[in-house]
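In the part that follows, the structures are each spelled out as structure tokens.
Each of the next two complexes has chain A plus one more chain, namely chain B in the first and chain C in the second.
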Partner chain A sequence: MELTTDRSEGTAVLRVQGRLTMAAAGELKAAVDREVADGRTLVVVDLSGTAFLDSSGLGALVGGLRSARAAGGDLRIAGVGQQVRTVLELTTMDRVLRPYATVEEAVGAGR
Partner chain B sequence: MRQQLVLRVVVVLTLVLGVNYIAWRWLDSVNWSAWWIAVPLVIAETYSLIDVALFGMTMWKARRRDDPPAPAPGLTVDVFVTTYNEPVELVMRTAEAARDISYPHRTWVLDDGSRPDLAAAARAAGVGYIERSEDWTDRPRHAKAGNLNNALFQTDGEFLLILDADQIPEPEILDRVLGHFDDPAVALVQTPQFFTNVTSADPLGSQAPLFYGPIQQGKDGWNAAFFCGSNAVLRRDALMQLGLVGYVRETERSVREALHASRRLLDRAQRDAPDAVQAAVLHEVQEAAARALGSLDAGEPLSDVTYGFQREVDAISAQVVARDVASIQEDLAAIAALPIARDDEIGAVVVDEPALARLADREWSPLGAIESVQALVRAVDVDRGSEAQAVMPVATLSVTEDMATAMRLHSLGWKTVYHHESLAHGLAPEDLGTMMTQRLRWAQGTMQVMLKENPLGVRGLTVGQRLMYFATMWSYLSGFAALVYLAAPIIFLCFGVLPVTAWTVDFFARFIPFFLASQLLFVVAARGVKTWRGQQYALALFPVWIKAVWTAVANVWFGRPLGFAVTPKVRPDGTPSQWRLVWPQLLAMVLLVVAAVIGIVRASLGLSLWVGTTVNLLWVGYDLVVLSVVVQALRYRGFTGPEASPPSSARRRGIA
Partner chain C sequence: MPGADGAAELRVDGPAEPAWLDEVHDGLARLWEAAPEVPDLDRLRFETAVIEIATNVVRHTVPVGDGPVRASVLLRADRGRLEAELTDDGAPVRVDLDPGPVDDFAESGRGIALVLRAVDSLSLAREGDRNTWRLARDASA
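And now, the complex of A and B:
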């Protein structure tokens, strides 16, 4: 997995390129925590380059959501592909982590 | 019977005299001051004594069989004509002769070249045509062995007659040999190979009358008649059993290897793991692998062990998922407890059993993220996915499939038969380059088998069978001995360095009787067939034997491809590139002649004794006569005369 970050006032966009799996989950969770700690409490995880998500990856996303919420912000996901959507629906996690079509939409959805 | 008695007396005599000579050589006559040539020479001589002993043992029980009974009617037979790139007319000549074999059968052309024109010709001639199935695409093809294995699964005759593309069978071939299979333990009947495009002088040594005769009969006596790849009938049942046993063994071997290798890989993965949780998971997988290996060692069935291992890995995967889900639920609960109200339905999230199972299955498993684990899980399975067919009846471990196949048949308790009657006639190579390439491949194949499945250690073989296989392998080590036999007289004649302490009566009294006895053994064993050409090539092809040994060693022990030492492409018309093929032999001949001249000069000047010089001049003369065969071969321009016919003794039984 490759992680790139775009930062603006109060918002961070984390782009996950590759597979979001057990091997990568820790890194993503740490990145979210870092952004939140730095005051960018709206974190958007761009999954448009993510072909595969497993339970550990999902755990990292929810863990990130928890950090963001605790800081008064939010974690949103955008651009999910087929496999990721299936995992979210299967675990009914799409009700907690609502997939936005694009990063812009996710950022614009208000706070 | 009397002949056999005479032969045994000569064998014993030769061995007694041989041990007497070699023991004296080691104990009393090695010139240690010139150890660099003296020790190689005495080792080479010991090698030769062992070679003679193995030959004597081969001949000890030489078996000349009576005609088998006529075969029962109604046996089903498939006749396979194997081809890769031979001309269509040549293949069809054999296929039509095969079709015309009198005993009822079906004929198939096994075309490894998938040539449409051959397919059409086969159809027109009314014979079957088989090419490789799609399963072979992008998988190891295993040359002729693969070709046969492919055909075995597309046919169903009880017996298989295998013919090389150029081996034209006699119509009565099946009637003559099928009777041997009345013995239900017989798996194979091999008949001789005889070549029709060879002059009586046979400059390329193509005919092997000593092998397709006394030697095969000798091996037959020990129930170790060799399979030679063509002109042989096999029992399908036996081959299939071989395939199944081989499949189990092969699978167990690869599972074992994967489990062993996983220990190291998982160690490394644990060190590189991003966090403690992952390291712990890897450790669990490692323990499961260790348990699986333990169960294999305890003799538990392979299928149980692999299934159990897969289940354990699945369980570990399920644990990881359960842990992930637990942490998700904990996070969700924490979020729900936050004072800030949200419009989502956090309280309602429940991950049910099917969802958990799905997250843990092979496709989505978090363990899949760890490559080492994934590869291990794939390898510890019984489907042998890297091969075109899980079951490979004809052995694929060597470039010469025949020897390994027969050895494995023997190890399972099957019998083989050598039927001494020429029933198919083929074409031999007509130029030195092709002939040398062919010999190189045979030698390489034999050495591969020796290094991968040494007959001395193969379970299920009798002592006699072990030694019969070992004898053939041992004989291919002769290249190194030949080098010493060529070097020793040159070194003495040029520099006066003696490999033995002295050329004294002691020496002659021990050497000459042994030498004469072993020659006598050869003559008696050969029973009148021409063996001189074979003897010449056994020495004269020393560079081929040496190359075969080192390429096979490099292949088996160091994984290098065998073909990295291919014979250079030769124009078969005898242009200078042919000379390059035999430069070591030509160089040796020049050195021998030069050494002879120098030796005579040195003796005339009183620098060395005439006794030693004479002995070494005789030795040089012998070497030159033997090596001269390559000059004859170089001058050979291919076959033009009338077709040769097999000696009457081989055509019909009656040799006894």
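And now, the complex of A and C:
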């Protein structure tokens, strides 16, 4: 997995390129926690370049959501592909991590 | 790789470590090249389930003697039926194949439930000195 971050006032966009699986889950969770600790409590995870998600990666997203909410913010996911959507639907976690079509929509959806 | 009877089959062996998971991903990609008729929906669900179980093997299986655990996955696509057999020579594992629901904000505990929804059958048995997982899905088409 390759992780790139775009920061603006109060918001961080984390772009996950590759597979978000066991090997990458810890890194993503740590990155979300870092942004939240620095005051960027609206975290958008751009999954448009994410080829594969497993339950460990999903756990990292949930953990990040918890961190962001605990700080009064939110974690939103955007740009999910077919496989990621499959995992969200089969675990019914699309109720909790509702996918936004684009990063812009996720950022603009209010707080 | 396509067998004489039209089935596509391949095996990926290795130490039960993260690099083996990458090889399993590559093996699945090769399986789909050999079985292009498998619909996307079935391909995605089967692949998700196989990787989930392979990850479980890497994460939870401990060696009997001097490490590492050796793992093997056999992947097969035969006229719309998808099968995987994952075995390892680690110590016997016990996994609850009927897990209860987890809290929405739990960070783990969803793997087996995800597999059960992604395939038609899942089993785990100790066969000889190997843990043996079997998964199967019949294509929806």
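Going forward, the second predicted complex is superposed on the first by the 111 of 111 C-alpha atoms of A that agree within 3 Å, B and C clash if a C-alpha of one lies under 4 Å from a C-alpha of the other, contacts with A are read in each partner's own complex, and residues count from 1 in each chain.
As a working rule, a contact is a pair of C-beta atoms (placed from the backbone, for glycine too) under 8 Å apart; a residue touches a chain by one contact, two chains touch by 3 or more.
Since the model is a prediction, treat every value here as computed from it, not as a measurement.
Q: Given the superposition on chain A, are chain B and chain C in a clash or a fit?
A: Partners clash after overlay.
Q: After the superposition on A, what does A:72 contact: first (chain B), second (chain C), both or neither?
A: In the superposition, A:72 touches chain B alone.
Q: Give one of first, second, both or neither to describe whether A:59 is in contact with chain B, with chain C, with both, or with none.
A: After superposing on A, A:59 lies in contact with both chain B and chain C.
Q: For A:101 in the superposed arrangement: first (chain B), second (chain C), both or neither?
A: It touches nothing on chain B or chain C.
Q: After the superposition on A, what does A:19 contact: first (chain B), second (chain C), both or neither?
A: both
Q: Just checking: does A:82 make contact with chain B only, chain C only, both, or neither of them? Give me first, second, both or neither.
A: So A:82 only meets chain C here.
Q: Could you tell me if A:37 is touching chain B, chain C, both of them or neither one (first, second, both, neither)?
A: In the superposition, A:37 touches no partner, neither chain B nor chain C.
Q: Quick one: is A:90 in contact with chain B, with chain C, with both, or with neither? Answer first, second, both or neither.
A: Both partners, chain B and chain C.
Q: Find the residues of chain A that appear in the contact set with chain B and again in the contact set with chain C.
A: On chain A, the residues that contact chain B in one structure and chain C in the other are 19, 21-23, 54-56, 58-59, 62-63, 65-66, 87, 90-91, 93, 95-96.
Q: Which residues, counting only chain A, touch chain C once they are in their complex?
A: Interface residues on the chain A side: 19, 21-23, 52, 54-56, 58-60, 62-63, 65-66, 82-83, 86-87, 90-91, 93, 95-96.
Q: Quick one: in the complex, what on chain A touches chain B?
A: 19, 21-24, 26-27, 54-56, 58-59, 62-63, 65-66, 69-70, 72, 87, 90-93, 95-96, 98
Q: Along chain C, where are the residues that touch chain A in the complex?
A: 18, 21, 25, 40, 44-45, 47-48, 51-52, 55, 58-59, 104-108, 110-111, 113-114, 117-118
Q: Which residues, counting only chain B, touch chain A once they are in their complex?
A: 274-275, 278, 281, 320-321, 324-325, 327-328, 331-332, 334-335, 338, 340, 342, 344-346, 348-351, 355, 358-360, 364-370
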